[in-house]
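The two complexes that follow have subunit A in common; it is paired with subunit B in the first and with subunit C in the second.
This part shows the complex of A and B:
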């Protein structure tokens, strides 16, 4: 079986078609590069039609260290999130301390999952195979969770042929039901040679009236991210 | 009438056989009534635990709340004003009103040891846990008048109930609290430092994350099915957490149970107006319907088997009686009795057996049910750990139906033996030895 897969992989490589692994690696490089700082805005639309916009700053170091600072609206100003591997903490100013939070939480009442935003490491979390794509100039891979710890059981990821930029993601739960779907657009060169979708719309497929939109304002690679920023004691400082 | 007299006399001829059949009938019908009474009592117990311990007799919500209960019901809240409370309280039959908020939250327990200085991770066993649960927020002074059983169940658990309407305290289900190892704070002791308290995190009314530091002051023993991942918190702490000052999602209402609940429900609905909906406790607990349906199904099978076995005994007894009386039947036919009358005679015997046996059985069953109803059986409700009194009960209609079933069944069971008797040829029957 293993050799068969290897044969398949190598034959695909010869045909200059990217392998499923290459697509995953590209996705991780685009959506979750090693060290970066980003300023984003998330607008969450809820079933009653009301919408709320959150302003936040991300800082990431290595593969699995993240900080998030919320600046807007007033009700969440001063909140912070720290994620180190499997552990996640939230700092709430009115609690005056950090507390652990679950990984599967929705991100500020929106339809992004903590795992969608903070931990993007599909190569580590999922096994992937190429499947026929319904779009002509696109490639689709199907991702299957390696463990039960991941946010989703299965993901169908569609990327653009050529530069492999993400176009669409469909996320499935353990029951096989599609929970969310994401549309990636406005691919923009934030830094020389670094292109990334500036707009992601996450549609809640269970409650159709719910969706969240994340717009990236700025994205800087290889910034200074000192290790003390990724200590629990630094939260709220 | 003569037929009936004849039937009675015939039954008395072989007393032992009649007695055995009779006892089987009494025991069968008696057991049927008793089992039914027990099932009814158990059902009542579940419902009363729900009413007196979870919901209250009536619940007032914003219109559309119950339909959307799985969505985001925090937005379907209402202002808890003295006027609105007074409107509900003024309805005849209403005894108490308790404002509440129902919401989903995440409980985060503190780490058991401080984080290592070198920035490495704590071993898994020492880490605090996060867990989702459903919380009900209330003012303990008001809630106690609506769902007093919570206090009873707390007595079977640990600790104390929330100490005030604004206390930053939590009371959890005991199984759940032990399962996730939540530290308990003894009322009156010095409060632990903030980082050693529990955190309750929840999206507020606008879905922005918020939190409140609390301590667990008590744990309620499980008393109803599906009550494990639940807890209660003070109304004040919840309103602060959810940023819902002066707002609630429901009123729990206690009602004088001597009155017709549906009528009071209608009166409360009229008093609060069309912006609200009012439900009785029975309307709010769909899982009870499942339990009821399963129980009815099982009871149907059990009572059918019981009746079938008892009636087989009747068939056997009647057949014996026919075989014993071949010569007698031959004589009756010879002196001009019609075959139809022979059939009637044996069926009449069956009817008398069924009616008397069934009636006595039903009466005995009913007597047991009535006695147990006044005495009460101390066992936990299904899915509960707290013992409570089960009071069996049956209605008169069921008792009457049981007697009717026994009578009709016995008549039916005599049909074949009676037909066989009527088919005898007089000459052969007379010669029978």
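This part shows the complex of A and C:
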């Protein structure tokens, strides 16, 4: 009887356990849903312990259209970023023009890179396999980059069992060295039925004293996002 | 055991089927986007869910930003050079207050301004006396030290529908992809390649733009401002009757098609101008630009295709000797003329460049500029001959500022009067622009070096700088400008044997400046 119960439980658990691709799809749905607008604040802590805080507004449409407007601090106010597919531009108000940026560029000099923030499409960018997790109540997938264009060569992503909310990410460069690690916390229901972490702390694993924290203040789904907002010509308007 | 498990699995099937009817894991995956309720953790369900509030139809927003800047500059006048330094203040203090205001005036319409008030002081002029000895000159009101109001931008924009918008006013619109220089920019005041962030001034224009899914179409009409008072244009398009320099209309008409194709920014431009930024009349021109990123490497290019050239060329016969110069002066033969203005030969200007971003965010940019209508060695030899006449010309009362490009050698202002650190007017054919930037050195410091080189005579201008972001709102910068003459073997020589290279004849030996910029 005891064996039967064990088998039953393990069978149920096995049957209900999501695949690596499903975990990736859930991550993309949580961190980069179809269309949304968000107000966030990023605080970058530097080696000397001092910190810089940036305020910004995000607008996303479809899987690959992203726009960011910076509002704080005064020295970067008016800066904008546009991502369209594999392409990204930054608009600098003093230059009055947009220039292209690469996916690997650091996001405002912090420890997130542009792809972490502007390209949440792991399903398209990475192949994933389930690997044993350190925690009993979590699942871990290992992601391998499909191309050299991605920001990281490998990612270990740990999600919570049950709702598959992200808990931890470890990011590796081409040399195999872990260069960043992220902690996802304060999971919050921003809209009815939509939960995502309100706080992400990205730890620089190369320079341990550095880290960046992204706090989501508001998050609205299915907002009005005309396609013209995601065109290079719209930058600076 | 296996059989037992299979039996257990069969027993479990009804439960699994029930879960599948609910959508199971996959349904939960879609819940985020679809707005369904996933199995949220306890802390999430405990979080307060605010009731949605209706969005106002129009929210008036006034956005204000700007900065205050102080720039203290010391220039060592090269009184021992060939170019006069009489109008060059050695010590200059500039204070700028800039405000950028954006107001949403009604739905889909906004007004935007970018205005600078500039106060300027200069002194400690140096020159040479009749014996050629360096002497101090009395302070004066040179054009470089006039206070001014600069309306960098002032425009209203309205979006009729997302696919059609209109912009009217003064705005800096840059279609070119070049970082240091834009050959296709036929609208705006030229920017300082060592300080591109300082030149924000645009052109008065009206733009209709249609951003469509496959391409963006833009048409601009920019009437030329012929007279202005305190930055406000008083006469555009044509000269006033009381100062009728010509009876023509002065304008630039520009159209562009931009598209993103194969991950490449592509622009095709057409220009038609009449005595706009130059003396071309009814001149059609075509521009092309591209930009693409390959990993951490960005490559770009832009080209302007035109026939003829509006460039000034020295009249070689007038600068061959002092006697020839005198004869030209008496006969009122100009020392310089636009000899290729009506030529039907194709005279393209092309810039190609690349920018590489290192893993530590350091940036290396290299650009090459080719100007088919640029001066060749013979043209520079004419300049050398002319410069060789300066000492004698002065005593004969000839105006040396008539030499083409003289304003770039003497001055430090843009056409709209805004002071610049370095006035760049490329007259040669081949140039290279090299920029290296190392940000976040000790977190708050940014090192930068800009090198501009004339590739014919290898003379350069080196501009090292270090910027300290003391706080989130205060930047302190220390900059230097060092013109470096090229090798004598590549220089042209004056009749007296003095080697002349483009950046070797600047009227200053070096320039250093300290700049404090506080943002608000």
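Assume the second predicted complex is superposed on the first by the 223 of 237 C-alpha atoms of A that agree within 3 Å, B and C clash if a C-alpha of one lies under 4 Å from a C-alpha of the other, contacts with A are read in each partner's own complex, and residues count from 1 in each chain.
One rule holds for everything that comes next: a contact is a pair of C-beta atoms (placed from the backbone, for glycine too) under 8 Å apart; a residue touches a chain by one contact, two chains touch by 3 or more.
Only a predicted model underlies this, so the values are computations on that prediction, with no experimental measurement involved.
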Overlay on subunit A: subunit C relative to subunit B, clash or fit
clash
Partner chain(s) touched by A:208 [first = subunit B, second = subunit C, both, neither]:
neither
When the two structures are overlaid on chain A, which partner does A:92 contact: first (subunit B), second (subunit C), both, or neither?
both
Based on the superposed arrangement, let me know which partner A:79 touches: subunit B (first), subunit C (second), both, or neither?
first
Based on the superposed arrangement, let me know which partner A:165 touches: subunit B (first), subunit C (second), both, or neither?
second
Is it subunit B or subunit C that touches the larger share of residues in subunit A?
C
Residues on subunit A lying within both footprints (that of subunit B and that of subunit C):
46-48, 50, 52, 73, 75, 84-85, 87, 92, 94-97, 99-102, 105-106, 109, 227, 231-233
Tell me, which parts of subunit B touch subunit A in their complex?
71-72, 75, 106, 108, 110-111, 115, 119, 121, 127-132, 194-195, 199, 201, 203-204, 206-213, 243
If we count contacts the way the header does, which residues on subunit A are in touch with subunit C in the complex?
3-4, 7-8, 11-12, 15-16, 18, 22, 25-26, 29-30, 33-34, 46-48, 50, 52-53, 73-75, 77-78, 84-88, 92-97, 99-102, 104-106, 109, 148-149, 160, 162-165, 186-189, 191-196, 221-222, 226-228, 231-234, 237
Interfacial residue positions of subunit C with respect to subunit A in the complex
1, 4-5, 7-9, 11-12, 15-16, 19, 24-26, 28-41, 43-45, 47, 49, 65, 67, 100, 153, 157, 162-163, 165, 172-174, 179, 196-198, 200, 202, 209, 211, 213, 216, 218, 258, 260, 263, 265, 291-293, 295-298, 300, 357, 359, 361, 439-440, 442-444, 469, 472-473, 475, 519-520
In the complex with subunit B, residue positions of subunit A that touch it:
44, 46-48, 50, 52, 54, 73, 75-76, 79, 84-85, 87, 90, 92, 94-97, 99-102, 105-106, 108-110, 207, 227, 231-233
